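Each of the two complexes below includes subunit A, the first together with subunit B, the second together with subunit C.
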Partner chain A sequence: MADTSFRQAADSVLWPLRSYLLLARTWMRAQAQYPVSLLLTALGTGLAAVSEILAVLVVFDHAGVLAGFTVAEGLLLAGTANLAFGCADLLMGAVERLGVHIRAGSLDTMLVRPVPPLVQLATDHFALRRLGKIVPAAVTTGAALHLCDIDWTLGKVLMLPVLLVSGTAVAASVWVAGACVQFFATDSRDAANSLTYGGQALTEYPLAIYAKEVVLAVTFAVPLAFVGWQPVLYLLDRPDPTGLPDALRLAPPLVALVSCAAAALLWRLGLRHYRSTGS
Partner chain B sequence: MPDFLPCTFRNRDSFPVRVYTEVYVRGLRRRSTYRAATLGGLFTNTVFGCINAAVMLALFAARPEINGYDAEDAVTQVFVCQALLGVVAVMGPPLELGERIRSGDVGTDLLRPVSLLGWWLAEDLGRASFNLLFRSAPILGAGALLFDLRLPGEAGRWLLVLTSVALAALVSFALRYLYEVAGFWLLDTRGVWAVMGVFGPVAAGMLIPLPLFPPGVSDVLRTLPWASIAQIPTEIVLGKDGLLGEGAAGGLLLQATWAALLLALGAWATSRATRRVVVQGG
Partner chain C sequence: MTAHDTVVEARGLGRDFTVSEGPFLRRRRCTVSAVHGIDLTVRSGEIVGYLGPNGAGKSSTMKMLTGILTPTSGSLRVLGMEPSRRRTRLARRIGVVFGQRTTLWWDLPLRDSLELARHMYRVPAADHARRLGRLTELLELGPFLDTPVRRLSLGQRMRGDLTAALLHGPDLLVLDEPTIGLDVVSKSAIREFLLRLNTEEGTTILLTTHDLGDVERLCERVVVIDRGSLAYDGSLDGLRASMPVPRVLTVDLAVPAPALEVEGARCVRVEGPRQWLELSDNPAAVIARVTRDHGVTDLTLREPDIEGVVAALYRGSARTGADGTRSLSG
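Our next item is the complex of A and B:
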């Protein structure tokens, strides 16, 4: 008896995960039917990621040192930020098409299926080409970790994957929260882009180059500072040039939990507010 | 002239001009329907302008002058580029022509008694005009409020800037038209866009100003047509000499040359395509 209720509880936790994997795999198999198209679009996405990293290189090449960061340290920051945003884009990026589903009425179809609607939305047209964004970011991060003068300790080795996962979770929550606004204003996708893609552009450079208000906003309001900036300060043992407490750099896992909870809450609020278009 | 056309179209000489004008006006009015999307785009472009401007200010705080550019020049370029993004659409959206070639609807377009290129040029210029009024102007205004921009003072130079923006719209249309006409042979132009949507903005000087690239790379990019889309209009705003020197005249000449060459290439490609390629069945 106790055994079955335990299984039910486990199922209710695992079912969203299992359905996510199932749906993502279905879309991946569909895209694999057009390998040339997949390869070309992945290359295009990769080209965009590479050009952004090259821009960071050009800027650091002229400046030498930017906000106390050398080229290698700048690349570490750009690499980790792009890696986290790239993973979040792969896993959750499709949610930005919420407005399209509301208008077309396909959200109604999702609501009657026995799979969590957020899972269906996130896996819709699951775009394998976004790996094109992750690969250059991972290579940059790897190279930068090698080039930077990092005082490796066991703690840092263990924290590295935790920081990357937390960064991805924070970025994914920003994506979901931005999409939820479309429940209330269907045409707000472009405005949400300034949070998601804008957030990525913002976190590619040392936060110290921005105005104090911006730093405070991305630390305490929309926690983009925990995607790349705080983790890199931790890895480099660098005092925070913006003057915020050093303890913040240990906060990414906690911030990730809080922002995921906030995004989930917003999603529920939006879903409750949603009235079908009737089409 | 076929007599099933409305009587306003019966005058043989003014017929194409009337059609293009109507298509232009409808292209402009169609965009005015999507107010929230316009506001969203305006907001996003301004946010990106502020982020890129902060990067440029930090860079020029470390090196006050790079290849003839100072901080004010670079920040001005950032906002001119964000303001032009809606007009020249180098990052998309693609012309709807591509989708019509793929689905075979282009067959209907080809039945019309006006040229395919002219029809889509009129439509796209309508879209560009709407964006110039309701996106470019507010973005540049916001930039001027938030940062020190090096904008022209006299009306005469603004006239040169407007001419340059008009030529930029022509060059950008011609390039995007060629991307789509490639669909007559490739059927699907998403691959073309996947590459050109990235290369275009970089070569236009929208990612970072072209003078900041290493000299060899910068020289090559400034010769290519994409420089006419943003780099040259910015140089005319700043009152700088471009590749050909001679101030604004040199820049306008290069833009006009590319516009003429690419539109001619577009017309030639259209005639080749319609003669040799079988239209997809609907």
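Our next item is the complex of A and C:
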């Protein structure tokens, strides 16, 4: 008895992960059949990512120091923010096509399969080309970590992956939450994009350059401050120039959990709404 | 617990929708009933045709049966489960095919799509290979197994969809207009396959269709829904009998004659020596009378086709069902 219920509980956690990997793998295999096309689209995505980082360099070249951040520190921020958003985009970016699936009726198809619909939605056309965004971001982060004057401690070494995973989770939650709005208004994709892509652009720069209201909003409402900003403050041992408590920089894992829970709740609400309107 | 051989059990099943209408600021919300008071029992091994005009509530019912749509009233059990609560578990035991859209992955070769389905339904590799082999043979999938789904013809795609819906060996197959848009040959191939599946595997089949050829070939039992409620549930023969659509006797006379006047029949059409008589009496009696008075070279008795019967039924229930409820396309 206890054994089967344990197995069931484990299955309910593992099955979404397993099915995610399975679906993503099948899509990747399909894309691998057209390697030139994959290479070119990945290259295109990569160039766009590189140009964003170059833009950061240009800004710092003009300003010298921005909100107390040097070029290397600015690159660290842009790198980590882009890395987290890039990973979130790879893992969950496809959810923004929810409205398309609702209109085409393919969401119904997903609902009659024994795999969580969110997993099916996220893996639909799983786009390896998004690696093109991750690679330059990872290189930038690596280089910036080397260039910045960081007082490495064991805690920081251990926290670095935790912060990246948390940032990815926060960005992915924003993505899912934005998509959920499409359950209620099918054409809201662009509004959601202002949060996802707009939010990414916002977090590439030190938050201290923005108005207080913006900082508060991205800390407590849509917690994008925990994607790059707070982790970088932690790595650099920098007091928060916006005046918020320094303890916040240790919050990313907690914030990630809360935002994932909130996104999951929104998804369930949206799905329930969909299943009571059927259109 | 539901009896073992009951596949679908609906009691007073209903679904209302809230719609907003009117101009922006003076928008009013009102409730529209798509389906109401449906009582339906489907037993294991049956093939049931679910018929109705557009917007009668067929799709809403199908969506409730598969757990996509949550009912607003009544009770529903499919394979002993409440679909809206047990959608995922139910999904493993039913196969669903929407004729108008594919459940396959457009950009993947059919074989990969089916392999993906195998993993999603957690079918052991050996069972998958066995079933795929059999379905490949029955549905002649061989020539296009490695073609991406988007390049398949409609008929090929439908055969692929059926395969994907059956690879996990479902107890119930739900088909929403499975032959829509198909040519005559593909239609007949699909129908023969479904009959075989039903007799050999005992799979229960529930299908909606506008194609009355499907109904005549496949369904011993038909359920007609109109304006959201059941208008008929019974055998196809019973449906014919319930509606006074007369049988027609075609008579080829030896010599052309003016419209015949025979007791128990009414001449509806004359074309040279051939005449069409609508029967209101026993055919044998009418034939006896005709052949007694006239030289006849040939006789054919045509049963009313189901199309005429169903159309008559819709008209009939439109008259009796004018109780102010509106139906909605769902």
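As a working rule, the second predicted complex is superposed on the first by the 273 of 279 C-alpha atoms of A that agree within 3 Å, B and C clash if a C-alpha of one lies under 4 Å from a C-alpha of the other, contacts with A are read in each partner's own complex, and residues count from 1 in each chain.
By our rule, contacts are C-beta pairs under 8 Å (C-beta built on N, C-alpha and C of every residue); 3 or more make two chains touch, one makes a residue touch a chain.
All of these numbers come straight from a predicted model, not from anything done at the bench.
Once the two complexes are overlaid through subunit A, subunit B and subunit C fit side by side, free of any clash as defined at the top of the document. Judged by the touch definition given at the top, the superposed model places A:Thr70 against neither subunit B nor subunit C. One geometric descriptor of the composite model is the angle centred on subunit A: between the Cα centres of subunit B and subunit C it reads 80 degrees, in steps of 10.
Of the two partner chains placed by superposition, only subunit C is touched by A:Ser276; subunit B is not. Contacts of A:Gly44 after superposition: subunit B is touched, whereas subunit C is not reached. Here subunit B and subunit C are compared by how many residues of subunit A each touches, and B touches more.
By the touch criterion defined above, A:Gly105 reaches subunit C but does not reach subunit B. Residue contacts after overlaying the shared chain place A:Ser188 against subunit B, while subunit C stays out of touching range.
In the superposed model, A:Ala55 makes contact with subunit B only, not with subunit C. Once both complexes are placed on a shared chain A, the shortest Cα to Cα gap between subunit B and subunit C comes to 12 Å.
Residues of subunit C that touch subunit A in their complex: 17, 60, 63, 66-70, 72, 84, 87-89, 91-92, 94, 96, 98, 100-103, 105, 107-109, 112, 115-116, 119-122, 330. Listed in rising order, the residues of subunit A touching subunit B in the complex are 37, 40-41, 43-45, 47-48, 51-52, 55, 58-59, 62-67, 185-194, 197-198, 201-202, 205, 209-211, 214. Subunit B makes touch with subunit A in their complex at residues 34, 36-37, 39-41, 43-44, 47-48, 51-52, 54-55, 57-59, 62-63, 66, 188, 190-191, 193-195, 197-199, 202, 207-208, 212-213.
Chain contact summary for the complex, subunit A toward subunit C: residues 19, 22-23, 26-27, 29-30, 104-106, 108-109, 111-116, 125, 272, 275-278.
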